[in-house]
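Two complexes, one shared chain (subunit A), two partners (subunit B, subunit C).
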Partner chain A sequence: MTTTVAARPSTSNFSRFLRRSGRNFSQFWRQLSRNKLAVASLALVLVFALVAIFADLLYEYDFVTSNSLENALLKPGESGVVYYHEKDIEHTFILGSDNYGRDILGRLVHGARVSMIIGFATVAIALLTGGILGAIAGYKGGLFDTLIMRATDILLSIPTILLAIAIVAALGNSFFNLLIAISTSMIPGYIRIVRASIITVKDQEFVEAARCIGAGDLRIVLKHILPNITSPIIVQSTLNVGSAINWAASLSFLGLGILPPKPEWGNMLSEAREFIQYAPHLLFAPGLTILLTVLAYNLIGDGLRDALDPKLKR
Partner chain B sequence: MLVPVLFGVTLIVFALMYITPSDPAQMMLGANASPAAYTQMKADMGLDKPFFVQYVRFLFGYKHEIFGYKGLLFGDLGRSYISNRNVFELILSSFPNTLILAAGALFFALILGIPIGILSATKPYSIIDMLFTVFALLGASMPVFWAAMVLIYTFANKLRIFPAMSNPGDMLSLVLPIVTLSMYSMAIIMRMTRSSMLEVMEQDYIRTARVKGMDEKVVIFKHALRNALIPVVTVAGLQFGQLLGGAVLTEKIFSYPGLGTIMVDAIYQKDTPQILGSVCFVAITFTIMNLFVDILYGFIDPRSKTTFRRKAKPVAQRSRA
Partner chain C sequence: MEKILEIRDLAVNYYSDRKIVRAINGLSLDMTAGKVLGLVGETGAGKTTLALSTLNMIRAPQGRIMAGTVRFAGKDVFTMTKHELRDMRGKDVAMIFQDPMTALNPVLSVGEQIAETVLKHEKLGKENAWKKAEAMLETVGIPAERAKEYPHQFSGGMKQRVVIALALACNPKLLLADEPTTALDVTIQAQVLDLMRKLIRDNGTSVLFITHSLGLVAENCDEVATMYAGEIVEYGSIDQVFGKALHPYTQGLFGSLPDLSESTMRLKPIPGLMPDPTALPEGCYFSPRCPHVMDICLKKHPTDVDLGGHRVKCHLFSAGSASDAGRPA
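This part shows the complex of A and B:
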């Protein structure tokens, strides 16, 4: 079986790439590391991920969600006395405080956790659902294809942000519903990508060969086709994590996602709206955080696309 | 093709509203209504019937002296639960405002995006190109609502050039929302023009034109641009649809009286007929818009037409050069 895999005349970028690099990522990494922006973005994303994982060590959740009105709208770097857990503690607000006197940096740190979870969970849900549907449509063809693609057309004919808004409005405001809304808006994209890639691969000789030696449909799709279509999926998923974070922030901003006092980047901006004139740090801190995160994912996506595409290798 | 899609869109939107945990009958009566009055109200509003009965009524109309309407197919969805105004009249009165905003944004995006894209493509990997690449990436990554807030902070609060609130009658107040809304589309159009131009510039007929000793300007604008603009037009058309739907956030922030504001307000107030009407309206416009782009594509690019009719003729491209 191993020999079949190694000898198959595949045209896919990713598998050919994997084989050529001796099944390790050293060449891939060399390819990606030429793109300085992508590497820097990767570092930024890793830092944000660490911050999100260890958020509780940096700031306690109760601390960033409890009000202390006497410290409201402090400028970045100012310190104040916070009454917390029945004690007065001296605290420096590195990025200032919001209109309820909550630490902005602390809220950004805990918001990072929410955004990371939303980013990865929505992409995982969409990838799984869209991938399976796309695979059925592309591999089986016929009636399945027609039905699934019609449904995709229908979903695509509602503007993405509007579909997400309508779903949250219908299901109600909750973290889980936000996940469903955002991933539903992404599913059509995955269906199209997976279907298109499968159609280009499924009639090639190595698939036929696998079928000849008696491999079942599931085995063919998972072991022979899937490794050949991963690169467009990886690129799309990276870009989608960025847009998911953006959409989650937008929905929360409209009051249709995660509501205050829970810390989330979008709802921080929503709360800041009336105070930006007096406290611009309320506007710039969460906004730049979102911008940097989304930008980083987009740059990584672009970098991956170049690294995985042999046509662009120079 | 169009009909099943529109049918599906209305079905999805209707299903979403059907499972919404709001109770319009309770809303109409208030919290202290008697159970009998509540049941009567529910029957009057037609909410006691099963899903498909309600959906068919939604499409073909429902006869009732207070809550009756002619149905979506006849452009009537009754009255809003909150404002008691006719849903479609409200939509039709606010849609032109959204149209102004979206058209302005698309115009702005095209008028800046295409020249910058050409500039980037004629000098690929130069400093100018890099600069605009970063600019485009920023434009594509920036959350719309944050961009709007920064613009309001800078130009309305600090510099006091443009007002923070916007309305369709005042040209000056339209500047900020149009700039906000166009940012994303501009980035997309810029990148599309650049990559499409780069691709076309490598074609044989461009080299032929250059070898013939043609002026570089003529080569770029007459030979390359015409062909490079084909995918740009498609993207611009699709963007226009997205702009109509995506205006929601921009309109909300600038308190602009457009369809988006109406939609979000209706969602906040759980005003079912209003939500159904406006979402369906946008989805239908969007679908028709996309169809229009497809048709337009055939006109701009005669090659795609021949592909549909018979086998594509490879001669077509040569005759262009």
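This part shows the complex of A and C:
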């Protein structure tokens, strides 16, 4: 650790904060960049994210959802004439077309948007609810702890995918309910992680010292405990983005998530199933995309775990 | 003289699974404003519990205050509202913890931690709070530039100085120093103590100086109280207690120190161990280890005997309970 003792021109607290976070970040980045797989995965995820954000520029949504049966089941790279916007256009199907003659790459691109939103939104919902509940259970203890943890145990005793299926079945089939179903299945994990981390930190002397200078509970949790437990939460969240994408695809595959003609990786896979013998590319395209995305998130999660774990530092 | 802290008949228990640990048993203690009171006693005598009680920081459900009052500047800390307590902690009464390695939050820079206290208790802007934090660090001999560094970048002695800066940031009226030098080596100890002495003198802070070491008490304190099994067994000015210790336990503590004026081949330790706080003996708690034990010591718990401001809790000095012959020399 380099310590600069040389006098610096006095600056505002904010710029001091920025400079300091910058230093922390560069140190963290050094750690992470040693893991080549994690960096490659991060690059892949960034590409997917960009594709998801600019999906409309790459392929128009209407184009990837409208049928042109004369182009059905084209092989990758084949071209066809599509009647679109009231005129015929020549179009190359880079990854081929599906049984309705829709561009597979285009559907993957728009599916990426759905998957990214599901991945991040569910993690955000689960992190917020699970985090708050876990913090109450861990910090307050006693009756709160018992109630919250027993409820968590009940949720954990139901297999994740079954729980998600049950929730979607009960609430009905919509994008929002899919979010609820997936985040509910993730909440117990966050409750446990946050609770366990808070319990290990809250009895340390600096927390007592914080109380001793007159800090209230909220300040102690947010300012003194939370920054100490961010690492496991970040790792868990990254891994969960991958699982959320996986679960969304699974539910859609089962017909409980996003339904066709809306493009989604899981329902593409489901539709492609019937054509596995004559058009396997229908299956491989979404299948490999799901595989790569989930794998990438898991590898990033592992990389983050290594980079953030103070025991492995230096 | 004005009393800054009055503790009356304080009793604190800790509850574990099956056992009740009687950490403090009917303790009474006064502190005069502007004085440094040394509190000595073995590990487990209840010194830290006493300090925490002063801030009403005994944590439920394990810890419970059973009886007694603690008045700080005339106000009962046990009846204070949450708000009053928060205002008092850190501003009027500050605490220095035993282990500087764990008393600082590893993820906040030391400057932030000091500035936080200042912001909480003084109407200063962020900018000024930070300036004050830097100034506090300077007073404890740490360059202001290091305010933005994190605890792991400091050595143990520096961390303890940071903790002292933190405790003194709001000019507290009462400082609870819980073995502030126990975790430090002797040279750093001297540094830290010099610093504390200077700051205390400059601010007129009253200090409860908790320590194992009689040497530190002699050097730093005006008054001394000996604690044993959750009660104060002897209390007096430095001259009184160091001149002539009355309680057999205090005598035992002195006996286990080397004396430079005599050639002692062997130190005299106090035989036995501190009684198990889950099963305190009947009568005087010190009776199982006391060289002057009498029949009454096993039956009746002694009360304070006041000998001209020098108070001692021992049957040897209770009127009519012992003959002069029984008194230790």
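Simple rule for what comes next: the second predicted complex is superposed on the first by the 289 of 314 C-alpha atoms of A that agree within 3 Å, B and C clash if a C-alpha of one lies under 4 Å from a C-alpha of the other, contacts with A are read in each partner's own complex, and residues count from 1 in each chain.
Here is the rule we use: a residue touches a chain if its C-beta (ideal position, glycine included) is under 8 Å from a C-beta of that chain, and two chains touch if they have at least 3 such contacts.
In this text the structure is predicted, and so the values were computed from the model without any measurement.
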Message = Per the contact definition in the header, classify A:Leu162: touching subunit B only (first), subunit C only (second), both, or neither.
response = first
Request  = Examine A:His224 and indicate which partner it touches, taking first as subunit B and second as subunit C; both and neither are also allowed.
outcome  = second
Task = Look at A:Gln204 in the shared chain and tell me whether it touches subunit B only, subunit C only, both, or neither; answer first, second, both or neither.
result = second
Key: Partner chain in contact with A:Leu295 - subunit B first, subunit C second, else both or neither   = first
Ask   = A:Leu254 contacts which: subunit B (first), subunit C (second), both, neither?
value = first
Ask   = In the superposed arrangement, does subunit B or subunit C reach more residues of subunit A?
value = B
Ask   = Which holds for A:Phe63: it touches subunit B only (first), subunit C only (second), both, or neither?
value = neither
Ask   = Both subunit B and subunit C touch subunit A; at which residues?
value = none
Residues of subunit C touching subunit A in the complex = 55, 57, 61, 82, 85-91, 94-95, 97, 99, 102-109, 116-117, 120-121, 126-127, 130, 143, 145-146, 148-149, 152-153, 163, 166
Subunit C partner contacts - residues on subunit A that touch it in the complex = 1, 3-8, 12-13, 16, 20, 142, 204-206, 208-216, 223-224, 227-228
Inquiry  = Under the stated contact criterion, what part of subunit A meets subunit B in this complex?
reply    = 150-151, 153-155, 157-162, 165-167, 169-172, 242, 246, 249-250, 253-256, 266, 269, 272-273, 276-277, 280, 283-284, 286-287, 290-291, 294-295, 298-299
Key: Interface residues, subunit B side, partner subunit A - complex   = 4-6, 8-9, 12-13, 16-17, 19-21, 137-138, 140-146, 149-150, 152-153, 157, 241-242, 244-246, 248-249, 252, 263-264, 267-268, 275, 279, 282-283, 286-287, 290
